[in-house]
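Across the two complexes that follow, chain A remains constant while its partner is chain B and subsequently chain C.
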Partner chain A sequence: MTSTSKNAAGRVDARRARLSRWLDPDETTLAVLLLAPAAILLSVMIVYPVGRLIYTSFLDLSLTSGLPARFAGLANFQQMLDDPVFWQATWNTILITLITVPGALLVGLGLALLANLPFQMRWPVRLSLLIPWALPLAFAGLIFAWFFHSEYGVVNDVLNRIGLPGVIWFNSPRLAFAAICLAIIWKASSFMAMIILAGLQTIPRSLYEAADVDGAGRVRQFFEITLPLLKPTIVVALIFRTITALQTFDIPYMMTGGGPGTATATLAMYIHQNTVSFLDLGYGSALAVVMFGLSMCVTALYLRMIRGSESAS
Partner chain B sequence: MSTSVFSAPGSVLSGKPLRAIAALILVVNGLFPALWILLTSFKTEAELTLKPITWLPHAATLRNYSQAFSDQPLLTFLFNSVMVALLSTVLTLLISVLAAYALARLNLRFRGLIMSVIIAVSTFPLVTLLVPLFETMRALNLLNTWTALILPYTVLSLPVCTLVLTSFFEAIPRDLENAAMIDGCTRFGALFKVVVPLSAPGVFTAGILAFVNSWDEFLLALSFNSNPGLRTLPVGIQLYQGEFAFPWPVISAALVVGIVPVAILIVIFQERVVSGLTAGGLKG
Partner chain C sequence: MASVGLRKLEKSYGAFRVVKAIDLEIIDGEFVVLVGPSGCGKSTTLRMIAGLESISGGEIRIGDRIVNDLPPRERDIAMVFQDYALYPHKTVRENMGFSLKVRGVNAGEADAKIRGAAEMLGITHLLDRRPGQLSGGQRQRVAMGRAIVRRPQVFLFDEPLSNLDAKLRGQVRTEIKRLHQTIGTTIVYVTHDQVEAMTLADRIVILRGGDIEQIGTPDEVYNNPANVFVGSFVGSPSMNFAKARAAHGYLDFADGNRLPLAALTGTGISAADGREFIVGIRPEHFTSGTSDIGLNCEVQVVEPLGSDTLVHFSVAGATLTARLPPELRPRPGEAFKLGLDPAKIHLFDAETERALH
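Let's turn to the complex of A and B:
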């Protein structure tokens, strides 16, 4: 073998070694490489925007005024305290959460118990839980607006058929609010049911067989076996539901547009209106900071619970 | 194999007639709204204003469908929805496959912390991103582009996809990977030649979840892409309503066109969707 070809082989080896170091890095380098894309995306799309959001909430920044941004201290938050629409929207959001989260849980639990019966054909049942889940919220809002239509809606038609007078749902703040809550509960309960159904199916049958031997009735079995064993599943589902309910936007936007007046406006709708319609980014940001705070409280509760269950097991 | 196929000892109800009633309740609850829209989409405007209202269409017509496509650029809305959802799904999968592999296979020192961050992000309220992203997209001239939606949607689905994929990767025996590496595969090679193909159902499941997430999103699409040529389906569907006129049969036809693609996806892949939802929801 000549020396030149030896050199060339050496160079190829070196290049291959460099290449393989790139392709086959050690554990730490590999971890950094694998997690970097996610970390970069989250920094650019969440960490930076949240920082920016908090900064902007202290600014007087309205794109319609044409004036440059000006530091305004707590003025936006001051304005919020005196803003009846803010209070109304926040109260509506909290009320929607308090009504639809337990509502969706109860309906979802009922649907899951029904769906857990020994049907010969599973697919129609599964499909009737999956379709509401996959239906875009905006579509569900439109469909329910049509359901509750005062003249030609199917809800009033059914009321008439059973001898009750029809109602103009969207003219009354209370009835409009009730219609919105019903739509949200319908949309959310199917997801709840799927999660609970999966939980039901992990409960070992032997527990029920033992209870049968002991002579415990079905109702007692439900309260003493099913419900306690479902608790972890239900709690996780409740937390996700709560955070989603705080962000309620699509369904009231499509059904009432917040009306009559601002009777059914939510915090998310008010943020959207201030930001996109009024281009008042300062005030919109301050409102969003409130929303962020609300949902962080729920998330903190959730994380604490997970840690608790990890250390317990 | 789930036990529920054979019996459900945990349920309060039992017996054949009760089962039939239960099935009826489930199907009516789940499918009636979609069915009602389907029926409405075949009715004429004249039939719609009859009192008392009709349930089944008297003189079924397909005119509403042709009108749904001619009144508004429905095909464009569909195309935008599909492209934004597909592209964000691909991006989400690429990023979450890498992250999930690290979480499932490597001895990470900060694994607990990273998991907490992923869970915290999964509960992040997208609404709060509205203001800063609106400002940023406006400054970068990205309003009314697919990019303005693809990036936030990727963030929206990243946590749940990472959790689903991590649990799938953890279920694959390490030996298969080690064997591949002994045969001269690099770690990346083993990831894409052994782990990903073996967890194809998991990747697929995560993909469906990401797709449906993007397909459903409304607030950001409404705020960032107001140009009719760039509207997604949920946003575009509003354009059918005039100030005072609600052409419900035409709106219903457009809704049916919007529901069908995802309904087909769900019908074909229902078992995978269910397993993905529960893995993503319960693992957290």
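Let's turn to the complex of A and C:
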């Protein structure tokens, strides 16, 4: 065989080997190929925007100044520390989370237990549970803004009918805050109820029957069986709800616009104000990074709780 | 320990009667098995005794108390569920001790009782595990432990072996029997498996469609089935049935086989010419052909089991099975004569399907 024909045969073999490598890749290549679409999607949709946000938080970038973006180091974060509205909005956000998450959990748990009772025509009850959850947040905000309206609101009407004076709800920081919390609990409890109801339905009926035979009454059954077996479901519901509560925006925005003053402003509203109204992208991004950090901390805490309960069981 | 009495006990869901006014007296310390096919009302009856199901009529008595309206916890019963119903988040110790804790038994006494029950069942080494860490057989034992730890008046078992594999089922069955022999408490046990019923019961209650078909000891229901249903339900392989008509002192099968009536109807059954009977023969009551009385048949299928040989053949259009000694291996298609002991042949009225004794 001549060296030319040898080379040609070698090239064909190499091509065949390359083709077979593509058609039958080794495990590592296959893993990379299979993971690549998800990794690319996550990078484009999550990693890049978050990375960009963190990068922007270190810039002095205000679209109203007309100046080009300038690296400002930790200046935006420094500004935050001296900004009373930031502290007020953060405190309001934490307070809303601390009040509405347990509130929605308790109301949702109650609703789920009711919906799980063995009565006929359960589906209308379950459907009605869905309605508050299905309503847009802004719409829920408008409904409650009307409920608590000082002149036309249902709440004042009821107060008047039972001989009590009406209240200008949104003039008082505390009352406005309470009204917002009520609206959030109403809106969020249906979501909690749906998740908890799904959890309740996974608890076998025979456990309650065994507890009946063992002599446990309803209250004891709730604390000894229902609640422990619902724990993983409740933790998942709490993660979702807490993260959403930390991002509270629509309901207070529609009900009070953050007022009176900044008494009901939340961190998300303040981010919106700085970024969209004041076009201060650098400071707005720094605020968003803080909110992102808060969410991450809470998620990590809950995940630790889940891992704890999993290893315990 | 206590007796259990059911009087005209009834359960209906709307117009559908699941249990139809049944009467049953279970004596103190007796092991009674309710057996029957799916939907016969056996589990419903057990659940009514437990108080987990309301009753539509009649009366339930445990000991000398009418318990119709008492909740389960006041009936002094314990129950082993089909799916064991162990609390998954509690350890074996906590599962077994739950009823004691609820009743306010002090920790030391409760621990002694739990240890006693665990030792009896050989599960002491499992006390600190959770149900998720146990095998099916171990869970079964824990469920029994939870039931016996309180020493109730009556144990109720709802198909407790149905989730176990065949080998384990045999082992646990023996353990349940041993347990009853040890503690002697009244047991009401539900199963659809006639082998379980036969091996465990002092008395068997056979149910069909919400009615009791027969109550008797395992020997009674095996040797003297009250009707075709009981005959077919008890025994494995089940009893063979073929129709035959009385004529000139013989029972004639449609394929020409005949059995002498005098040998079968010694107890004075009216056997006028033309009367139709259902003849019931258990597979194990066929012999290999030396008897004068027997059936000529053509072998269809042969199943060697090692200990026996099952031979399937056809008589008067019905497929019958004979259990023969293992050394006998007729070939499919072979003409074969199977002998019969007339004393072991059962006759049933062809219309009512009731036994004619």
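Descriptive notes on the structure:
The definition used in the following text is that the second predicted complex is superposed on the first by the 262 of 313 C-alpha atoms of A that agree within 3 Å, B and C clash if a C-alpha of one lies under 4 Å from a C-alpha of the other, contacts with A are read in each partner's own complex, and residues count from 1 in each chain.
Criterion: a contact is a pair of C-beta atoms (placed from the backbone, for glycine too) under 8 Å apart; a residue touches a chain by one contact, two chains touch by 3 or more.
The structure displayed is predicted, hence computed values, not measured ones.
When both complexes are superposed on chain A, chain B and chain C fit side by side without a clash.
When the two structures are aligned on the shared chain, A:A216 is found in touch with chain C, with no touch to chain B. Judged by the touch definition given at the top, the superposed model places A:V158 against neither chain B nor chain C.
Once chain A of one complex is fitted onto chain A of the other, the partner contacts of A:V47 are absent, as it touches neither chain B nor chain C. Touch criterion met: A:I225 reaches chain B and chain C at once.
Touch counts on chain A: comparing chain C and chain B, the chain ahead is B.
Of the two partner chains placed around the shared chain by superposition, neither chain B nor chain C is touched by A:L74. In the overlay built on the shared chain, the residue A:L303 is in contact with chain B alone; chain C does not reach it.
In the overlay built on the shared chain, the residue A:Q201 is in contact with chain B alone; chain C does not reach it. Superposed on chain A, the gap between chain B and chain C at their nearest CA atoms measures out to 10 angstrom in whole units.
Residues 209, 212, 225 of chain A touch chain B in one complex and chain C in the other. Listing the residues of chain C that touch chain A in their complex gives 50-52, 71-73, 77-79, 81-83, 85-89, 98-99, 102-103, 130, 132, 146.
Across the interface of their complex, chain B is touched by residues 20, 23-25, 27, 30-31, 33-35, 37-38, 41-42, 45-46, 48-50, 52-53, 56, 111, 113-119, 122-140, 142-144, 146-147, 149, 151-154, 157, 160-161, 186, 190-191, 194-195, 198-201, 203, 205, 208-209, 212, 218-219, 221-222, 225-226, 233, 236-237, 239-240, 243, 246-247, 249-250, 253-254, 268, 271-272, 275-276, 281, 284-285, 288-289, 291-292, 295, 298-299, 302-303, 306 of chain A. Chain A contributes residues 204, 206-207, 209-217, 220, 224-225, 228-229, 313 to its touches with chain C in the complex. Partner chain A is touched in their complex by these residues of chain B: 2-14, 18-19, 22-23, 25-27, 29-31, 33-34, 36-37, 40, 48-49, 51-53, 94-96, 98-99, 101-102, 106-108, 114, 116-117, 119-121, 123-136, 151-152, 154-155, 158, 162, 186-189, 212, 215-216, 218-219, 222-223, 233-235, 237-238, 248, 251-252, 255, 258-259, 262-263, 265-267, 270-271, 273-274, 277-278, 281-282, 284.
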